[in-house]
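The following pair of complexes shares a single chain, chain A, combined with chain B in the former and chain C in the latter.
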Partner chain A sequence: MPKIANRTSSLAIKSYIAVFSARFRTLLQYRAAAFAGFGTQLFWGLLRVMIFEAFYRSSTAPQPMTVDEVVTYIWLGQAFLVLIPLRADPDVRDMVRSGNVVYELVRPANLYFFWYSRAIAQRTAPGVFRALPMFITASLFFNLQMPPNIPATCTWLVSMLFAVLISAAITNLLNISLLWTISGEGISYLVFGLTWIFSGIIIPLPFFPDWAQATINILPFRYIMDIPFRFYLGHIPPEQIWYHLPFQIAYLIALITTGHLILTRGIHRLVAQGG
Partner chain B sequence: MPHIIVENLVKTFQIAQRQPGVWGALRGVMHRNYRQITALDGISFTIEPGELIGYIGPNGAGKSTTVKVLSGILVPDSGRCEILGRVPWKERIAHVAQIGVVFGQRTQLWWDLPVIESFDLLRDIYRVDHHQYAQTRDEMIAILNLESLLDIPVRQLSLGQRMRCDLAAALIHRPSILFLDEPTIGLDVVSKLAVRDFIKRLNQERDVTVILTTHDMDDIEALCTRVMVIGQGQILSDGPLENLRARVTTERRLIVDLEGTEDITDPDASVVLRDGHRVHLTFDPDRVATADLIARITAQHPVRDLFVENTPIEEIISRLYAENR
Partner chain C sequence: MTNALRLYMHYLSQSIRSQMQYRASFIMLSFGHFLVTGIEFLAIASLFARFKHIQGWALPEVAFLYGLINISFAFADAASRGFDIFGTMVKSGDFDRLLLRPRSTALQLAGHELTLRRIGRLVQGLIVFSWASYTLDIAWSVPKIYLVFIAIFGGACLFIGLMIIQATIAFWTTESLELMNTMTYGGVETAQYPLPIYRTYFRKFFTYIVPLACVNYLPSLAILERGDPLGFPVVLQWVAPLICIIFLIVALQIWKIGVRHYRSTGS
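Presenting the complex of A and B:
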């Protein structure tokens, strides 16, 4: 009888990997959505590239990035759009609505990391069919440039990894908010709006005026896109990874801790409601 | 040693009351009235290994709340609860690894995945070793007749099919205690029988302790040796089905099909229902021997057929509820 209990501690991670991989595989089923998304992102990417090219042609003032850097930055944004924590996990929403969420509470696992594993899948799986094709298309036809050197590539990859983890932690906060709001739309729009502006997906962050930079630097959203992309470009020197990495880790820990705390409160509330 | 010990368990809920109308909604933003509901009002029981217990009560009596406390989902306000030597809400993860839960109105299977993948996933979540998993899975598939369902995504299953799969899913990690919250709700007769049969086998062959909540008295009669009745958060009755019957009423029913449509009058029996040729009589077997009554009636009336029944369990339960209202 106590066989299972003895094994738990050593292999706890296996539960979470199982959840991640199941969710990942499910998300890969939505291929039509991926192709449609690819078309949309291509269109918006082209539009934004044209706007910036027009802007550079009409302006003689010195700009914080070269036009080539901006074009690459934009295409990276289009390729990794999935990193924007767009909305909560629809499965979690359904679970909360239907009450199936009670089953999540009888699993021998920590619910936060259960949902966090799903959130990581949600922030990566759709990228398989979008990021890579977009990357190839943009580099072949639309002047997406490769990183200038190996240090830039390495620092980019490291900061991208944490970008995924931070974005998933924000997504998980949206999941957890469902325990209060059930629909979750309001908070999703709010977070989406903030990320949209402060991640650099609309306008690369170096273009923001100086007075806005302080705000931008305080928020975690720049670590989802702007910082990794500028490492890619070499716009931030690779050695600065030692400055930015601790921040990324700190944000990650802060987001996970907050989520954990809120979830614990939310569970108490949920069961009170469910009766 | 008992598997489950529950002593004086109390659980109350605060429910925010909303006032009607726009004005009420606006006031609700500023100030809320809370109403307290006592779901469990000091319940106690112990359950030995291998028991199959029916846990019944009207809607809102506290059945699901009890199951949720026992499965570590809810924290009670006060009282003691120990299952396999653990307090569910204090050692939740170790506790839930030893129990299986089925909520009849919900599913634990992954909606978009084929059934078999949900099983595989549960294997990984509960960290069941592959050999044991293969064995349990194949047994479940055989007993519950799931072979043809395994590759179908859960959303395409009928309710009866899904419930069979859900039962299998709850047992992948071989729990020694199983909580079934209305497992037969909404099922057709064939599926109900399949589920009942399965529960019985599980209890008898594997010695799994089962706690079954249900509204279906046939479930209780077919399965349970012991019945606990809960009403308004309190245990009203606990014991074998016969004791419950004896406590509420000793009455029996005599159902007679007459040749004609005349009335039956007898000093020891009273007519409760007349339906054409058929007459339902109740009598107290302590006052009159069943054989004597039958002899008297067949002597006075031409009888086509007759049979004796216990008072239907539904009626017993509803009387018990009524007494304690």
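Presenting the complex of A and C:
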């Protein structure tokens, strides 16, 4: 009996991987969009770098980060911009609108993980053509620095992996919310706004006032950018990974469980129109 | 001309009426816009709490630049939704219908929708602007008030012009160019800080090619009575916003070339 259970679960995982890789390869087709995105992000990165450099020129007061650290942090943010859960999966939205979402229920797979695999692809594929060129360009011309040592690199990679998984779980929550709101515009905007502010993309989180830090620290959004980036810089010592990793895992499990629960309830009240 | 204006007003009233059908969604989205732009301003304020000033400009002065540019952009953004979705219209072939009607295509697109939820950004910009004017204790005079109005008007013209050019590109690419957002949204963010902080090529681009400095930095110098380290002639501070009206007219001419070039996708 356990043998069969094992076999089905490994089959299920295989199918999720297949969904992921199919979606990933589809998304890789949008090369022109990636190229335009690269130009856009170069602009934003340059703008923010110039603003911060001007601030550092204007004051000698001690700051939470050095100017070089801020510059690298900004370029990392532009390179991994795709991690911001901007909107729900457009295909899922069309399915909900047209009613074709009922076909998804027929599949012999868990719908949550089915969509989750797609969400992971959505949060990684566009990055392939953006992250690497951005890394090369910014390190050649705009003072993006490499991690200071191997522990920093390793802890960065580990926390980056969870950043992708957390960001995809938030994206999947947006997908699921479509079952209620259909347009999803309002909730998407709200989630996007929260991530935009509390992930560190506008300004590195240590620059927020000290009284705001407690609030920022309990939100999951800092694990999408701020924490991985500060591991990269060595701004957070590598041994702190043992403090942050449990939090990342806990947030991931909480987001997946919540999504799963809401999806189950959503399916129960789903009424498909005929035709 | 009056006929066109009357038609435009009619378009707008229709658009407002239709948006009011989804009142909850409207309130949520405008509130969301208000909140996000509001917290973005708090992020700027927290940088000033740590650095005190940016090349001699303190928070209230930067808030003045911020409020001014956001008010202009909110107007432009609300009025140009039609141009924003123009790329999809070309792709689906819906633009053909517009060509059949005996009115200019630019007018029809401008009247497509007055996006009311942009009121969130407008209100936020007005609050920041009022706070800045109050804190700076500006000695308001008739010429200064006139300058604020033409700066906002010129700014709106500039951004609408940019959005028209962005839409025009879709005639050739059938795809709205994301890169152009760096001029609109990026322009707003650029103008939030004083021009001298930027590198020379960047500054020149936003002065001579996209005349952003003309609607924000230059008139603000006159209103705040500050010296200009870049050494532009003083008279320019008072008339520069008018240059953006020319920018809009040029953009409309480029649009006309685009329309002549148009070939339906056939779908």
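Keep in mind that, in the parts below, the second predicted complex is superposed on the first by the 262 of 275 C-alpha atoms of A that agree within 3 Å, B and C clash if a C-alpha of one lies under 4 Å from a C-alpha of the other, contacts with A are read in each partner's own complex, and residues count from 1 in each chain.
What we mean here is this: contacts are C-beta pairs under 8 Å (C-beta built on N, C-alpha and C of every residue); 3 or more make two chains touch, one makes a residue touch a chain.
Note that the structure is a prediction, hence the values are computed from the model and not measured.
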Review point. What is the contact status of A:Pro209 with respect to chain B (first) and chain C (second): first, second, both, or neither?
Key: second
**Study point:** Contacts of A:Tyr189 with chain B and chain C, given as first, second, both or neither
**Key:** second
Check your understanding: Touching A:Ile197, do we find chain B (first), chain C (second), both, or neither?
Key -> second
Review point. Touching A:Ile17, do we find chain B (first), chain C (second), both, or neither?
Key: first
Exercise for review: For A:Gln29, select first, second, both or neither according to whether it touches chain B, chain C, the two together, or no partner.
Suggested key: first
Practice item. Once the structures are superposed on A, label A:Leu47 by its partner contacts, choosing first (chain B), second (chain C), both or neither. Key: second
Practice item. Quick one: classify A:Ile253 as touching chain B (first), chain C (second), both or neither. Key: neither
Practice item. Check whether A:Leu105 is in contact with chain B, with chain C, with both or with neither, and answer first, second, both or neither. Key: first
Review point. In the superposed arrangement, what residues of chain A touch both chain B and chain C?
Key: none
**Study point:** List of chain A residues in touch with chain C within their complex
**Key:** 32-33, 36-37, 39-40, 43-44, 46-47, 50-51, 54-59, 61, 63-64, 183, 185-186, 189-190, 193, 196-197, 202-203, 207-209, 212
Review point. Which chain C residues qualify as touching chain A in the complex?
Key: 25, 28-29, 32-33, 35-36, 39-40, 43, 46-47, 49-56, 175, 177-179, 181-182, 186, 189-190, 193, 197-199, 202
Check your understanding: Which bits of chain B are touching chain A when the two form their complex?
Key -> 13-14, 37, 39, 64-65, 68, 71-75, 84, 93-94, 96-99, 101, 103, 105-108, 110-113, 117, 121, 124-129, 173, 176
**Study point:** Contacting residues of chain A [partner chain B, same complex]
**Key:** 1, 4-5, 7-8, 11-12, 14-15, 17-19, 22, 25-26, 29, 91, 94, 98-100, 102-103, 105-110, 268, 271-272, 274-275
